[in-house]
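Next come two complexes built around chain A: one with chain B, the other with chain C.
Let's turn to the complex of A and B:
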């Protein structure tokens, strides 16, 4: 029984498609769009994907336990509304508290009351979006100057968005690969019943995942509101599903247990490159959406669907 | 042999684990009734009994998976109530479950230490974890790389890792639930060595098994359960194979079962199965199923009865051999290869899990039965169900329901099973393959289901059934084929056979021939 089988990508879900796609896209755009390969444009891409990256890493946590959170987009919107409606010193803590509450509610609904995650987060998405529009019916309001600075300035040649990205990537990596919670998240996603028989509690990690995802929405909302320097009650609308697209492109299995921070990052970069490239090549945004759909289906079909027996 | 008999060599010590008057009920099934006995530290304690005797349920109570309805569990003289498996582990009770609990997407090291990972500065100390995991595997003498994902291991390797997981836990009690089911010879030797070591270390080892060889080889004390009740706890040395078998069986049959008819002469073979290999690695089986006959495939759980039935029903594709309607040499129709093919050939299948595999829970009785009548209708034909026919069937089968529009999900287990049988009666098949005809069914409905199956046979049908209840084979079947390790080791006449005969063949195979009764 001398087994020495080393699986190349383990439980990361990464494969040749999820790694190769952004590289191929990068090379293609460098060849076809003359303005693409410049420091300024790369910085642009970074700015454009930062908020999505933060949300995608939150979505990753939920996907790893076999869930999905489509409410995270309206959490982004609600945060944006709170930033411009509340006293600057209170706005961020209030948004974080509210985000945590929404996350715990989602988690309890799914893990304790057994509501399907899609239904649970559809309900909270609708509720939170309504709340955001109730507080602020259209884009506007004043964003505190320090926040704008935190989102838009640069350190030397490097835009501050880059540091936001590094911070959330490092945070998510430590959590998933080095903490006990991370190991439990993978265990529960692999098989919740076996995990329970192995003597670990399965409720708390699930609550933690939904809470982390909502908090990621709050952080993305704070960043994005600073960047556009205005409050917007529909700011986060695309994020709920785009974050799912991003992690799926990055090889994360929505059935749980398989996925990685790197996958979420690569998937987000892929989406960012598509948007940027279409823009540079002057392609209609409607065509861009159609292409993203085709690409998603194509990429998922080419990925290894059956990963380590899950 | 009384329950208060103490194991040899430890007459003075306090019991480490004590079960007091444990009772547990699942729905309509009383799994355990008033079970009391003790286990002593430094002792290998077998818990044995027939299928469904309650041994796994009892051990799952000790492992914190179930909680008892009545009674208490004492650990080291103190009463405990476990909220879940985690609580049992915290009390030093490690379990090697029969169903694997390894996470496929975790490495061996992660699986071994899940829930109590070594930490450094608040983070998982992977280096220490790998080192400790290597030490555990070396100790159990398993040569595997601790960084391999458990999903990549073959089943036998997974079982070894599962055993290592039990050994890795800090524990005073280790429960092994049928640990040798998937182990090969060297694997069993490793387990035996490990258990002797754990015994020397002063642990209490509960060993659930119905393999007599292992009980006599390993265990100091043996507890026998029967029908959820405690029969005896005594030193294994005081038992012989035959006394143990008779302690495990022996029951009144009562008049639950309909009368058999005298066998008819003449060629009336309904199904002939020749050199049939239901699944890879199983030996070929050959037998014939006659009209007007009920044949039972008896044996211990997981010996291949289920595979034979499922392969005949077309659910799994057989590796080799043939199954034909009528005599083997006739130019008869071959059945199998697909469910649709089997049904078209007039073979109906009643699965043991009627909830998920048999019935349409969200449809009415009428629709569930009616689907049988429509089996030969074209896809585009109007789905008209003959309501009077359904009503007649319901009346004949004594289905207790408000009316034919009631949802099957709201029926009792027994009535659901009747609806399941009714569907095949309505569809006009003449061969029925039945798994566990009365699982989860109350006693009253049992008698009615037996009557239905007997009536089906009397009208010219043929029934092949599996059951984990030996009495069902003895009471209902005309012939009993005993299956062990996938092979048919004995053919017994249903009317003459007794429980001990069947169990002896099921436990010991062909070598049981000529054994003293």
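Let's turn to the complex of A and C:
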């Protein structure tokens, strides 16, 4: 058995690092920060990671077919702008429609025209960010009250963010593990040429993955806008890279075919615990980005690929 | 031969076909620059005054220098998105006042730092086989986070006198910055065309597996390319800091994205092994001219971002489609 197999458990990509890191962080924070274990703080962590979790699950879909979508952060920003700019009854459907259009455009560029996913989504990221800033130049606007209620309320002691998390995790699990699309996604990610020779249509699942990722960005944007109760054209800026970091920490192979919903959840929790821990321990928030970068480097160093380069 | 080709050969003489093929094979940047100059001539003729054209060239010089490194990486099927982070650190070293050294020493420190960043990127990309996209983006996070944390949002100081001179002085009508750009571009273009290293770059870009199998020092070439790329990013940051006249925490933020756009527009594509140095250099000028034209017609920053995104997407799709047609 190779070292690679010892470290990882099958196509889920879960390994000792992806499972152990959040556990170690949990234990360390419990010992060093007494207020960490309070119900209020755990609720805060849940609130903070919900949007990232939604985006990370979308990113997971794209990563499983060997792609990457860094435009998803701009989609979050555009959604936030649309929520406060349009009529409340039209805002969410319009955002979903626009998100789906961006996803289809990304998917067509990558799967149909053969543009590198990074280039394609970098271009759409720039375009969509520009559009968001064109529609709303700064933070502001009024968020519909039902949306704020959906994002900030609690059911008993449990914050509603928990139910958002459960809903997206269940949805993603059913899609990846109990549907034909999921099976095709893993087949294409494992070896697109073999999948095509086996009779799988490669184009449609790829389009579906990019569309789902953008739709995840829309859902995260709706949640986040409700939570902060304001529109912000730069709200989603960190999400493009943070979502990649989260799934990479969760053992998802960016070259495709290897990854799991549980991995994406664990990676997101790890990032959430880092942010929360730094906050509790009084570390400068500016170091958060630097630490995320170091973790990202560490996580991808454990994913040795066959090829060198992009 | 397809029916279209047969019909084409029957109607058009040989010289016309060869001329057509040659023109259609030119990078988008040549066509784009010509089209933009014509548009400006019609809509904003003032932009075509030599004085303003040299000003735009001066604006394009930092990007043009960064593009040299980026195109080298892309020709090798890699990518360097860490330019923004490198520029930020260089600006901090030169203008923060925390480093009490003479200007030449500060410049040497920046160059050593650039080489170290390039070597670190290359180590992760070649030895640990990590994706160049993720490695260089992570590097931006680390460098940006550390600089922002250390500077604690304190206003940076003035840039060194020597760099201010390079960034702002002229010889006749020609800005010194443009001469620095040419001094970096021409030797590098000649080096890549005439040296063994240049042949290696072409070979690896065209077919990495074949290059590896034929004994080309694959890892060493990519290692060198990333170090050179970071050094060009440092040089680009020198020009930016000198041109602006003071340090800034947002300096060079769009350098990576613009350089990527310029390289694509300049005809360098992933995996084809093709592409020169002139096309991306023209593309750097084209982008700056485009931004100035858009500003002159009243389009703000958001409109410019949208145009930039659309240009990158259309150019990338155009190249991909053209490559696919040729492949068939």
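Quick notes on this one:
The definition used in the following text is that the second predicted complex is superposed on the first by the 290 of 310 C-alpha atoms of A that agree within 3 Å, B and C clash if a C-alpha of one lies under 4 Å from a C-alpha of the other, contacts with A are read in each partner's own complex, and residues count from 1 in each chain.
Here is the rule we go by: a contact is a pair of C-beta atoms (placed from the backbone, for glycine too) under 8 Å apart; a residue touches a chain by one contact, two chains touch by 3 or more.
Keep in mind the model is a prediction, meaning the values are calculated, not measured.
By the touch criterion defined above, A:155 reaches neither chain B nor chain C.
Taking chain A as the reference chain, the count of touched residues is higher for C when chain B and chain C are set side by side.
In the superposition on chain A, contact is made by A:198 with chain B only, not with chain C. Of the two partner chains placed by the overlay, only chain B lies in contact with A:178; chain C stays clear of it. By the touch criterion defined above, A:125 lies against chain C but remains apart from chain B after alignment on the C-alpha atoms of chain A. Of the two partner chains, neither chain B nor chain C is touched by A:39.
By the document's definition of touching, of the two partners only chain B reaches A:189; chain C does not.
Once the two complexes are overlaid on the shared chain, A:11 sits against chain B while remaining clear of chain C.
On chain A, the patch touched by chain B and the patch touched by chain C overlap at residues 307-310. Put simply, chain A touches chain C in their complex at residues 68, 109, 113-116, 118-120, 122-134, 137, 241, 244, 248, 254, 284, 286-294, 296-297, 300-301, 303-310.
By the touch criterion stated above, chain B contacts chain A in their complex at residues 65, 84-86, 88-89, 95, 97, 100-106, 110-111, 114-117, 119, 122-124, 142-145, 147-149, 151-153, 156-157, 160, 165.
Interface residues of chain A facing chain B in the complex, by the touch rule stated above, are 1-7, 10-11, 174, 178-180, 182-184, 186-187, 189-191, 194-201, 257-258, 307-310.
Of all the residues in chain C, the ones that touch chain A in their complex are 76-79, 124-126, 128-135, 137-146, 148-149, 152, 208, 218-219, 222, 257, 260, 264, 270, 300-310, 312-313, 316-317, 320-321, 323-324.
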